[in-house]
Amino acid sequence: MSPSEQARVVEAVLMVAAEPVPPGLLAELLETPVGQVEALCHRLAESYRTEQRGFVLARVAGGYRYQSHPHLAPFVERFLLDGQSARLSAAALETLAIVAYKQPVSRAQMSAIRGVNVDSVVRMLAQRGYVEPVARDSGPGQAVLYGTTDLFLERLGLDSLDHLPPLGDLVPGPDVVETLEAGLRAD
Amino acid sequence: MSPSEQARVVEAVLMVAAEPVPPGLLAELLETPVGQVEALCHRLAESYRTEQRGFVLARVAGGYRYQSHPHLAPFVERFLLDGQSARLSAAALETLAIVAYKQPVSRAQMSAIRGVNVDSVVRMLAQRGYVEPVARDSGPGQAVLYGTTDLFLERLGLDSLDHLPPLGDLVPGPDVVETLEAGLRAD
Amino acid sequence: MPYEVSTPVFEGPFDLLLHLVTVDQVDLYEVSISRIVDAYLAEMARMEALDLEVATEFALITAILIELKCRRLLPGPGDVDMDEEVAVWEERDLLLRRLLECKTFKDAGALLSRLADRASASLPRTAGLEERFAHLAPDLLAQVTPEDLRRAMGRLVAHRPRPRVDVSHLAPISLSVADAMAVLRERLAPRGQVTFAELTADLDDHLEVIVHFLAILELYMEGLLELEQAAPFGTLLVVWVGEGVAASAAAGLPARSSLS
């Protein structure tokens, strides 16, 4: 693969990555020594600078990621204040409810209950500070378990989790519980 | 603000946006007519193409967003590992097509077209966020009417429902009609 | 999602009909039911174990074919020639339209699948908010109450799919016999006598005609009307003999006692 092709792959991968990507991972993907990847990212970052792009290629937390250019922060801030929808989506509300009532709970368990992948929703909820990793599953895989935060309680006006409205009459029949539990065990 | 400065702002904002950003929002931010924003984004997308970037500026679900370049899909897929959303069955796709082209449409109407009960399929499509209740029938029974969501447009890479290929193109050709007619000969 | 359930060959009766007509070139009206049954038994024999869903599907399709044949055997609403001819054609056209519509959306589904496949080669950026901007994000919980959470959880628990009996093959009946009886009382009482064809002239749906016919039989059993037919398949005359006739145009008819 030519260096310019390698650069394209790095651009594509960093564009879709949700977290900083360690150079080692990029090296594996490109089947190239890490040193070469570092040099490649360096050149890319440099080119964005000289082209005066609105984004930068930053080295953070042991990896590379795209960020908005610091000079443009005022615009980004205005965009975030005006442009973001201030309502919680139905998907986010459901996921938050699962974390609130079932914590500590893994993403796989949330997905099993909601029937869809919850990764991006959980990331958003964590970014907003409503949920956070609280433990690791003791089973194989050691999945991260999530719980709600103090900010969550504060925003909902709750003293503690004990003050969440009891599910009570919502509790489903034993057959449904069985199905649910079978689903939860499957991960 | 110069056009190149405006382009930088667009780049910065799109880099932090989690959803497609409508041109109207960018226009407000830049204090510029929408038409100019559209032209700007067009030029930006064009420049990424000619520079052979690993990412593209796509117009989806009524807004702009960054996406990985389709040619680099093999690398991006290997990087993301956790498979994207599960594929839909033929039954689900047919039902989704009915909603897409006939919306707003009730479950009874979908059943009538497909000749089978669609309840569980519609529930699954709603859970995945591809369809949602959009209205209620004014007639007796006030059936829930369904429509497609922005997520549906995003998954199909469409800017709006107007960009769906016209249903007229899909109507079976004269040969099929002839065969069917012969098969249903009344005497 | 670990797997997708897919019915082995046919997805619903239309799917089967489409297949029979377009691929096997079967003439639905001419073919004997037993031939279809044979074809289906052969299909099921190829399966490893008897699948209840497929067996149901098979029963359902047979029922539909019988329904098709029955519909054709039903006498047309009017006198012999033109009306009947037209009715048969209309019925056939309706079925043809439905099959074409079903085929159209089948193809549309395949098209959506191709679009989605193409789109999935280009994945979106989802990283979202950088942490330095986190404090600027609007409070998404501003409108949310603890009760909202409880309800959301309730929806999730309640929405578990449960096994259910598929009754979609039963055509929806918008009109009950009781409804039709009420309608007929209203229409017959002032007019005294009227032909069945006239009574049902404004009905498009065969099923509604049948419901009206059943309603007439009910009213006959209650002794509220008499039926007259000069010859088999001849004009069916419905004569109102119930209360309310005296004031109507049919006042001259002799009162009759209940037959039931």
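Here the chain labels run A, B and C in written order, and each chain numbers its own residues starting at 1.
Here is the rule we use: contacts are C-beta pairs under 8 Å (C-beta built on N, C-alpha and C of every residue); 3 or more make two chains touch, one makes a residue touch a chain.
Everything quoted here is computed from the prediction, not taken from an experiment.
Distance from per-chain Cα centroids to the pooled protein Cα centroid is smallest for B.
Distances between chain centres, each the mean of the C-alpha atoms, put C farthest from subunit A. Our note on geometry: subunit B versus subunit C, Cα centroid distance of 31 Å, whole angstroms.
The distance from the centre of subunit A to the centre of subunit B, with each centre set as the mean of the Cα atoms, comes to 24 Å.
For the pair subunit A and subunit C, the distance between mean C-alpha positions equals 47 Å.
Within subunit B, residues 15-18, 55, 66-69, 76, 80, 127 each touch two or more of the remaining chains. Along subunit C, residues 123-130, 133 each make contact with two or more other chains. Residues of subunit C touching subunit A in their complex: 2, 123-134, 136-150, 152-158, 160, 162.
Partner subunit B is touched in their complex by these residues of subunit A: 4, 7-13, 15-17, 21, 25, 29, 52-55, 66-69, 72, 75-76, 78-80, 82-83, 91, 114-117, 119-120, 124.
Contact residues on subunit B toward subunit C in their complex (touch as defined above): 14-18, 55-56, 58, 60, 65-71, 73, 76, 80, 84, 86-91, 93-98, 100-101, 108, 111-120, 123, 127, 154-158, 165, 167, 170-172, 176-177, 179-187.
Against subunit B, in their complex, subunit C makes its touches with residues 1, 4-7, 11-15, 18, 20-22, 25-30, 72, 88-89, 91-92, 95-96, 98-113, 115-116, 118-130, 133, 159, 161, 164, 166-169, 172.
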